[in-house]
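Two complexes come next, and they have one chain in common, subunit A, joined by subunit B in the first and subunit C in the second.
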Partner chain A sequence: MSHKIINPSTSVPPANAAGSTGYDYTIGPQQTLPNSSAQSVASTLAGTRSVYHESLHPGAHGAHVSVAAYAFLFQEMVSQARNASKTVSEIELRLHRHGYHIGLRLLELLKFRSSVTPGSGRSFFHKSGGPAATAGDAVGGAGSAPSGAGAGGAGSIGTAQDESLSSSITTMKRRDLRLLEVLQFVHGPVWLYLFDRASDDLVKSSERENEYMIIDNTPSITRFISSTNVQCDFFVCGIIEGVLDLASFPCTVTAHSVPEDKFDRRVVFVIRFDQEVLEREALRF
Partner chain B sequence: MSANSANISASSAGSKKSLKTFSDDIWKNKTAKINAELFTLTYGSIVSQLCTDFERDFKKVNSHLSAMGYNIGVRLIEDFLARTALPRCDSFTQTSEVISKCAFKIFLNVTPQVGNWSSSKDTFSLFLDENPLSDFVELPMDAVKELWYSNILCGVLKGALEMVQMDCDVWFVSDVLRGDQNTEMRVKLNRIMKEEIPAGED
Partner chain C sequence: MAIQTILVINKSGGLVYQRDFIKTSAKLSSNEYLILAGTLQGVVAIASQVTPKALQISAKAGSKTANEPSQLIPYVGSLGAPTQNLSDMGSFMGQDFFNESFASWNQSGLKHVTTDQLSMFLYQTLTGLKFVAISTQSTTNAMAVSIAENLLRKAYCLYADYVMKNPFHDPDMPIKCELFDSHLAELVGQL
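Entry: the complex of A and B
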C-alpha cells in the first residue's frame, strides 16, 4: 500500500518571510521545505541555513555525543523538574511531558527518513567545513548534485536546483495501523534510534486485554541515577506515549522498576491502550 | 603518576596536532556514546519548557540556562580531568586549545575554532561551526532577538573553568539561529583565583 506525498499546506503566502527569520508561531507553519524550489524562499534560507537542509536527511543521523554529556544534561533536566514541582508525581509528570514532545517529533522524523530511497541524494548531505561554506551550500551547494542523481533510482532530477530530499522519495512509508505493528515499531526502530539497540522484550499482559509491556534490561539514560524515589524513566514513557498518540493509538504509559537476577536496573514500560483502540482493532480488516 | 603526566605534557607541548590525536583517541576508544539527536531533542524540550515556565521572558531563560550550565560545569570538570589526566595549563592560550580540541571533542564530538584574541591575550572567541544543541532549531519570531539558545554552554565553561581557578566571563556574541553568519562565544579571563582551602578544613 502506498500513498502520495502530501506537502503541508500553506495558508499564508511566504511574502513576509523575506525580511524575517524564525518561526512565527502566531501564523503557524510556513513552507520552508527542503524541496522549496521557489527562488525567494531559497534565497532567504541561503543567509540563515534552514533546519531542514541537513537534519532531515537519513545520513544526518549517526552523529553521537558522549553519554557523559547527555547524563549531565538529563540530570539538570531532572533537577529543574524537581525544583519546579511539589510532589514526586509532579516531577514524573514533568519528565513525562518533556519526553512526550520528543515522541511526537520522532514518529514523523523516523517515518520520513525511512521513506527516503537508500543511496539517493547522498551527496546532498555533507558536513560543511565552516559557516561560509554553509551559506554557500544552501544555494550553490547543490552543485555537487550530479553524483547524487546518478546514485539514486528516484532522485533523477537533472537540474542542480531541484536536488533535494523530497525528490528522492517516491512514496511515503505506510504508517502502522495495527496495534502489533505500531508496538513493533516502538520496540524496534524507535529504540534502535534512541539507544542504538532494540528493547529487550515486548510482552502482552496476561491479565488485561489492553496492556502491553516493553522491557529494557539496561536503561541507558538513567543508568547514573541511583535514587529510586523518583522514576526518571518517565521521560522515556513520555517518548513512547508521544509516538503512540500521534500514530492514533491513545494510551497511558508508566514505568516500573522490576529488578531481575542479573539486571538490577531492569525497567518495564507498561502501555495501557484506551478502550477505543481495542474496539477499532476488533472492527477492521 | 609522574610518568603519566610527563607523557601528557610532552604530547600537549609537542604540537597542536598531538592534542588533537590525543582527544580523538579518547573519543574513539574510551567514550560511551549516545545518539546526538536525542541530545538535541532533549535540550530543545528543556529550553521550550523554560520559555513556557518563564512566560517567554527570554532574559530570564538566558540566565537560567546559564545557571543550569554552571551546575553542569562544576561537575563536568571532574569527569574531564579523570578522562584526560591533563596537567595544569601553562597559559590561557593553551587553555583555549584544550577547551576546543579536547573538551568539546570528547563531550560533544565537535571542535570549535579558536580565534579573535584580544591584544592582552585574556579574551578569545570560540567559533562553533557545528553545534549539536541547535540542530532542528528555528527560533520563534519573538525569541530571535533575545534568546541565546545555546546559553547553557556559557554556564558550562564558566563553571568548569572556575573549578580550575580561572574566573572567567563567558557569553555569546552571535548565533546562526539569530541569522548571524556564525556562532561565536567569547571567553574572558578575569583573574586566576588563589587556591583556597575550603572553610572548616585544616
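Entry: the complex of A and C
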C-alpha cells in the first residue's frame, strides 16, 4: 500500500500496534490500522467479536446485562449526582440529563436495528465469521478502492461492516410521524430494549389534551432503592424525553410514584407535549 | 423456631440494624442493644483465640481444603421461600437464592449461644459483617443451627440487594431502608 496513514489516536508506531487491537492500559484504546497485516484483521473478524461488531446487528438483541451489575452502576450514578447537587430537584435534573443522551441514541439505534432484515443478517455473520481468506479479501478490496483510502483512519473493519449491513437493509423503517405511533414505539420497542418487556400501560390523560401516561408497575432499575423524597426514575424520564425530542415531539416528562394495591413501586411517567405538537397533529397530511 | 430479633453488626462492632418481630414486654433499650452488639463483637473475637493451639495450626495447614464437606453448612431447602411472585425476592431471580451447601466464614468464632429461654445465632460474612438472630426457642440441635445459618444468609442476600444497592445508604451507618425492612419481615414471616 502506497499510503502511509497517520493515526491520530495512537502514540506508538503501527508496527508495535499490529498485534494489539483492543484496549492497552499503558497506551489507551487502539485502532487496527487498515495497513496492518491482513492476518490480524482477519483474526479479529473471525475471533473475538467486539461491541462494535455486534451492536447494530439483530443478533445483539438477545444481549442481557446482570441486574446486580446495573444496579451498582446506577447506584454510583445517583450518589454522584447527589454529591454534586444541593437540592432534590437538582439530583433529579442530573439523572434526567444522563438519560436524555441515551434516549437520543436509542431512537436511531432501534430504528436502524428494526430495519435490518433478520434473514440477511445471518448470512452476514457467516461471511465475517467464515474462513480468513474471505475476510482478508474484503479488507483488501476496501483498502485499495479510492474511496477507502480517502476515508483514512475510519478503519477497514468498520467499512466492511457498514457495507455488508447496509446491503442487508432493503427499506429503512419509516419514522413515526403521528403522536400515537411514537408513543407506541416508546411503550413497545424502547421498553423492550431497556427492560425486556413492554410497559404495563399507555394512557391518555382525561384532564389535559396534551398529557399521556406510561405506567410501569415494577420499575427495574430503581427496584432496590427505597427512597421517597428523591425520584430516581427521572433517569428513565430523560430517556423517554430524548427519544421523543429527537423524533420531533418536544415534551417534558416527569415521574410520579403512584402505589396501587399489589404494586407498591408503581411509577407513572407523565408526558406533557408542547402545544406545537398538538397543532401539527391536528393537521391532516 | 420463632425469631424474636434480628441484629446486624458492622465490622467494627457497631449496631447498624435492629428489628423486633415479636412484641415482648421486656424490651431492651437502644443503648442496651448497642452494648450487646459491642459485647458480641468482642466475644466473637476472643472466642476465636480460645481455640486450642494445635487445632489452630492444623486449620492453618489445611486451609487449602476449606471447602471440604465437613466445613460446609448444609442447605436447608424452601426455608422462607417466596410464595407469590418470585422475581420480587431480589436480584438472584431464583426461587431460593442459592440451592447448595455453603462454606462457613466463621470457623473459630462464636456461632451459637443457648439459655433456657432463648438461643442466639451468629452468621459472619467474609467482610466481617455479622447477622444475629435471637430465637425464642431454646435448642442445642445442630439442625436448628444450620437452619438459622441458612436464614441469616438469606438476610445477607437481602442486605446485598436492598442496602448495598441503595445510593442513599452510607456504608457502616445505621440501615434505614424500607425495602430491606419489608423484605426481611417477609422472610421471617415465611419461616
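Criterion: the second predicted complex is superposed on the first by the 191 of 285 C-alpha atoms of A that agree within 3 Å, B and C clash if a C-alpha of one lies under 4 Å from a C-alpha of the other, contacts with A are read in each partner's own complex, and residues count from 1 in each chain.
By definition in this document, a residue touches a chain if its C-beta (ideal position, glycine included) is under 8 Å from a C-beta of that chain, and two chains touch if they have at least 3 such contacts.
Only a predicted model underlies this, so the values are computations on that prediction, with no experimental measurement involved.
Undergrad: Applying the document's definition of touch, where does A:210 land relative to subunit B and subunit C: first, second, both, or neither?
TA: The answer is neither, since A:210 touches no partner chain.
Undergrad: Answer with first, second, both or neither: which of subunit B and subunit C does A:72 touch in the superposed model?
TA: In the superposed model, A:72 contacts both subunit B and subunit C.
Undergrad: First (subunit B), second (subunit C), both or neither: which does A:224 touch?
TA: In the superposed model, A:224 contacts subunit C only, not subunit B.
Undergrad: Identify the partner contact of A:84: answer first if only subunit B is touched, second if only subunit C is, both if each is, neither if none is.
TA: Only subunit B; A:84 stays clear of subunit C.
Undergrad: Contact-wise, after the overlay, does A:257 reach subunit B, subunit C, both or neither (first, second, both, neither)?
TA: A:257 sits against neither subunit B nor subunit C.
Undergrad: Regarding the shared-chain residue A:97, is it in contact with subunit B (first), subunit C (second), both, or neither?
TA: A:97 contacts subunit B only, not subunit C.
Undergrad: Is A:105 in contact with subunit B, with subunit C, with both, or with neither (first, second, both, neither)?
TA: After superposing on A, A:105 lies in contact with subunit B but is clear of subunit C.
Undergrad: Kindly classify A:184 by the partners it touches after superposition: subunit B alone (first), subunit C alone (second), both, or neither?
TA: neither
Undergrad: Have a look and say if subunit B or subunit C is in touch with more residues of subunit A.
TA: Here the partner covering more residues of subunit A is B.
Undergrad: Both subunit B and subunit C contact which residues of subunit A?
TA: 66-68, 72, 74-77, 79
Undergrad: Quick check: in the complex, which residue numbers of subunit C touch subunit A?
TA: It is residues 87-88, 91, 93, 161-162, 164-168, 177-180 of subunit C that touch subunit A.
Undergrad: For subunit A, which residues count as touching subunit C in their complex?
TA: 66-68, 71-72, 74-79, 82, 218, 224-227, 230, 232
Undergrad: Once bound in the complex, which stretches of subunit A touch subunit B?
TA: That would be residues 20-26, 47-51, 54-55, 60-61, 63-70, 72-77, 79-80, 84, 94, 97-99, 101-102, 105-106, 127-132, 134-135, 193-196, 220-221 of subunit A.
Undergrad: Contact residues on subunit B for subunit A in the complex?
TA: Going through subunit B, the ones touching subunit A are 27, 31-39, 41-43, 45-46, 48-50, 53, 68, 71-72, 75-76, 79, 106-109, 113, 127, 129-130, 132, 135-141, 143-144, 152, 176, 178-179, 181-183.
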